[in-house]
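Here it is: the structure, laid out below.
Naming follows writing order (A, B and C), and every chain is counted from residue 1.
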Amino acid sequence: MRPNRARRLAIGITAAAMLLAGCSAPAASPSSAAPQENAQLVFRTWDENAAKAYDQTFAKFTAANPGITVKTEVVAWADYFTKLRTDIAGGSAPDIFWLNNSYLAPYARNGNLVDINATLGADAAGAWVPSVVKQFTVDGKLWGVPQTSDGGIAVYYNKKLVADAGLSEADIAKLAWSPSGGDNSLLTVAEKLTKDASGKTADQAGFDAKHVKQYGYNAAYDLQAIYLPFIGSNGGTYQDGDTFTFSNPKTVEAFSYVVDLINKHHVAPSAADTNTNGDFSRDQFLQGKMALFQSGLYNLANVEAGAKFDWGVVGLPAGPAGAISVTNGVAVVGNAASKNSAAVAKLLAYLGTAEGNQAIGASGANLPGVTGAQQVYKDYWASKKVDLTPFFSVLDNGTIPAPTGENFAAGYAAYDPILQEIFLGRKDVAAGLAEADAAANKAIQG
Amino acid sequence: MHEPSSGARTRPGRRRARLREAVAGYGLLAPSLVGIVAFLVVPILVAIGLSFYKWDLLSRPRFVGLTNWAAVGTDPALLNSAAVTIAYVLLVIPLQTVLGIALAVLLHRGLPGSAGLRSILVLPWVCAPLALGIVWKWIFAPTDGALNALLGTSIAWLSDPDLALPAVAFVAVWSQAGYVALFFLAGLAAIPASVLEAAQLDGAGAVRTFWYVTLPLLRPTLFFVLVTTTISAFQAFDSIYALTQGGPAGATNVVAMQIYTSAFKTFDMGRAAALAVALFVVLVLISLAQQLYFRRRITYDLS
Amino acid sequence: MTSASRTRPLADAGTYVVLVAAALLTLAPFALSVLTSLKAPVQFASTSPLSLPNPVTVENYLTLFDGSRVDFGSALGLTAAMVVVVLAGQLVFSIMAAYAFARLEFPGRDLLFWVYLATLMVPPVVTVVPLYLMMVQLGLRNTFSGLVLPYLLGSPYAVFLLREFFRGIPSELTDAARIDGAGTWRTLLHIVVPLSRPVIATLAIITVVTHANNFLWPLIITSGDELQVLTTATASLQGRFNANWTLVTAATTVAMLPLMAVFLAFSRRIVDSIQITGFR
């Protein structure tokens, strides 16, 4: 059995070696060799609409930089950060890619990204939207070239459904809500706009909550469009630094209010529909089955393309602390391990110019993150006679910070099932949020 | 190989023949041996090693001793996934086995058209569980799905934590019952007709014959089917990934899903490795039960 | 109970009712999803999910193949390439190993066979994390080699199945070949393999079904558009076009159709061979 013992030993050694190799495997070192003549770069985004716009941008870029071609690939949001991490670790990450600030920190701290100031010069950031630049600054260094700046959250509405309920635009323009007494026009309006199969509205006796045919509003387990603005508008907090603060009493009140809209007042689709399908409310709105749809500029192009009815936009409903929205930019970042670092630097520089950032604005898909490129976007929507003011005026009230943190993914994964249950009405809001707090904060400590 | 018929060869000659045979043997074995060691044995060892580390794929792995193993026994999320897995296995296996036997008995009657029906029942087996999962995700969809349209209801089959696991288990039974029936069909075919005729001559009715004669004779088949399907049920992943991704609120978060989430959603390689090794140990224990049962066969095989 | 001779109309009718009901229940999801895939998205949004397509449209299928949003053509090709490579490797290397175990005498043989048997118990979900890390070390993440390598060199299951069959081949046949001066390879190729056609065919079917439908490994080892197989392409499409069910059901139909077609063409043969593998 000698050969066998030897083999077993060899297996053991191989395994140990592999583990050690794994231990000492930092990101591949960038080859900052002479600029390549020919380079094929890969760009990745999660946004279908943006992808089409980028294809135009890259065509222009290649025309100006013969030899450098860029291929666009789309990875669904649900898989985006799984693929990204495994690609970074596996050395197969795209050369440049979209990132939002919630997932930025670990890559920035670990040296996986191109240092923007060092590559493009310290002055480059002057051309970009300051709030997005701030979001992409970690430990005093800038890691991304702003591509979109989302504006704030506002409410799309279906003009016909609102008129049918006997409401005017003035009735819905300044909606307000309060968890304890106070102005609660959001609820009363949403009730008038919610109809069951027999045409009864949610504020009428005999309303059949089991067969809702038309929803008033899209209260749902939706981080950016719903629960962050509700938390902010009630004066609550989502995080303190990296730490989650779900048990903040103001936060608990905000969640209770949203959950009641769904499960008590039935003016919004069931969480069973919306928890796992983030597009459900948008699709209902586009199919004319929902009157008010609270969302951001990221859905503007979808609404424009998909809505076969007259629609408009009004401001975010105000809570006790005012109408406080979140604003969340997206930046394009460079892969520090790219074999074509010179070409990556060129492309990043181009995408940071008004010309390079214009295409995604020109199609109306996204509000550009380069200040000089924003005009095309505004022109586009002006030509469509869409008033974007509600998305921007809300930012004057101050904002609630977007999610962040080195281990945000782990924290999110820990609280996500608990919040789903809260929205389904299967867990008491206060107790559930305390539980979510504990689980998420334990997860981020690792 | 087996000794040549004559003993005429000289000793060195025989030794050389033996050597040549050994060389041929190892030569034939080499590729698959490399494959099995590199892709089945080494990964287990790597997983064991990894289970003592904390590693997010980006920063350097950090040795954390038994932390991950302690979590396997205490972390509520991991305990939940163990409980969900067991509940899933207990839902799927009995139902699928009983259905499999029932279908096999009916098919075994050999009525005209049975062959065609048999093929239809096996059809889901050739389909990717992932694709079937997506088809069923649509069927179960609350507002625009086929099932609610058929029943005139608006039940949240996959988003209600009480319904999701039964729904997921149903899909598994639906896709495997026909395949399982095939094995029982083979088992039934192996029962000599004379035995059944004897039972009927003794005045036993169809039910009694089935219960006291057919079923006991199917026991080896039953055992084989139970062990193999149980082991594969413990590893269910594809259809659950498609249907619920472990949700809602962890209601269908089977161990395989949790391993995937730990490794590739929250990037905790060590935790995932510890879970994987734990699952492996459980499966080995189940397989050992099989080995014990078939001990006689196995020793014969190795003779 | 093969009671073709005795006529029991009631029992026969009952049997048909149950079997036909089971068959309909099996077929219904396929039928419904194909119907949906033939509807225009507009119709799907405005009429009952159970309504018939009106008009029938193939636009969903065209979208899958026109390369604008997804590329199912290349996924189809890549899946075929992967299956062919894995099938060839598994058959060749498993036959070699099985023959060595069945018919050759060498030191350590039984022990090694135990190792093979033991690895039968290693489930994919357990090895997937370490295998991913190993492939990363080898630089094979997101490559075709990385996709097929773990399966290429044979499977313990195939070795086990073939060895059982080879042992059943009368040794006179192989001995005769040897006396005629045939070496190991010639004996294997000209005597053993031709005699083992049924079991090799069975194995081929199982290998094709298993690997064409494999999802977890392609999901983890590949990324991006270029190396998508049918399963990962379908999953990613469902992720990108969430409730776009007309397009999604077109994708699942395309993902399932090739194997279903093969199955329906050779169903009796395939069903018989599945039964062989359970019991010998």
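Here are a few things to note about the model shown:
In the analysis below, contacts are C-beta pairs under 8 Å (C-beta built on N, C-alpha and C of every residue); 3 or more make two chains touch, one makes a residue touch a chain.
This structure is a prediction, so every number in the text was calculated from the model and none was measured.
Across the assembly, the mean Cα position most removed from that of chain B is the one of A.
The pair with more inter-chain C-beta contacts, choosing from A-B and A-C, is A-B.
Mean C-alpha position of chain B lies 15 Å from that of chain C.
Centre to centre, using the average C-alpha position, chain A and chain C are separated by 39 Å.
Among the residues of chain A, those touching two or more other chains are numbered 18, 22, 86, 89. Residues of chain C in contact with two or more other chains: 45, 107, 112, 132-134, 220, 243. Residue positions of chain B touching 2 or more other chains, listed in rising order: 41-42, 46, 50, 264.
Against chain A, the residues of chain B that register as touching in their complex are 37, 41-42, 45-46, 49-50, 53-61, 76-77, 142-143, 154, 156, 158-161, 244-245, 247-250, 253, 261, 264-268.
Interface residues of chain C facing chain A in the complex, by the touch rule stated above, are 45-46, 69, 107-108, 111-112, 132-137, 139, 141-142, 220, 223-225, 236, 239-240, 242-243. Against chain C, the residues of chain B that register as touching in their complex are 1-2, 18, 21-22, 24-26, 28-29, 31-36, 38-44, 46-47, 50, 102-103, 105-111, 113-115, 117-132, 134-139, 141, 144-146, 149-150, 174, 177-179, 182-183, 185-188, 190, 193, 196, 206, 214, 221, 224-225, 231, 234-235, 237-238, 241-242, 255-256, 259-260, 263-264, 269, 272-273, 276-277, 279-280, 283-284, 287, 301-302. Note for the complex: chain A touches chain C at residues 1, 3-4, 18, 21-22, 25, 42, 44, 48, 73-79, 83, 86-87, 89-92, 94, 277-280, 283, 287. Those residues of chain C whose C-beta lies close enough to touch chain B in the complex are 1-4, 11-12, 15-16, 18-20, 22-23, 25-27, 29-30, 32-33, 36, 44-45, 48-50, 93-94, 96-97, 99-101, 103-107, 109-110, 112-116, 119-134, 149-154, 156, 159, 164, 171, 174-175, 184, 209, 212-213, 215-216, 220, 230-231, 234-235, 238, 243, 245, 248-249, 251-252, 255-256, 259-260, 262-264, 267-268, 270-271, 274-275, 278-279.
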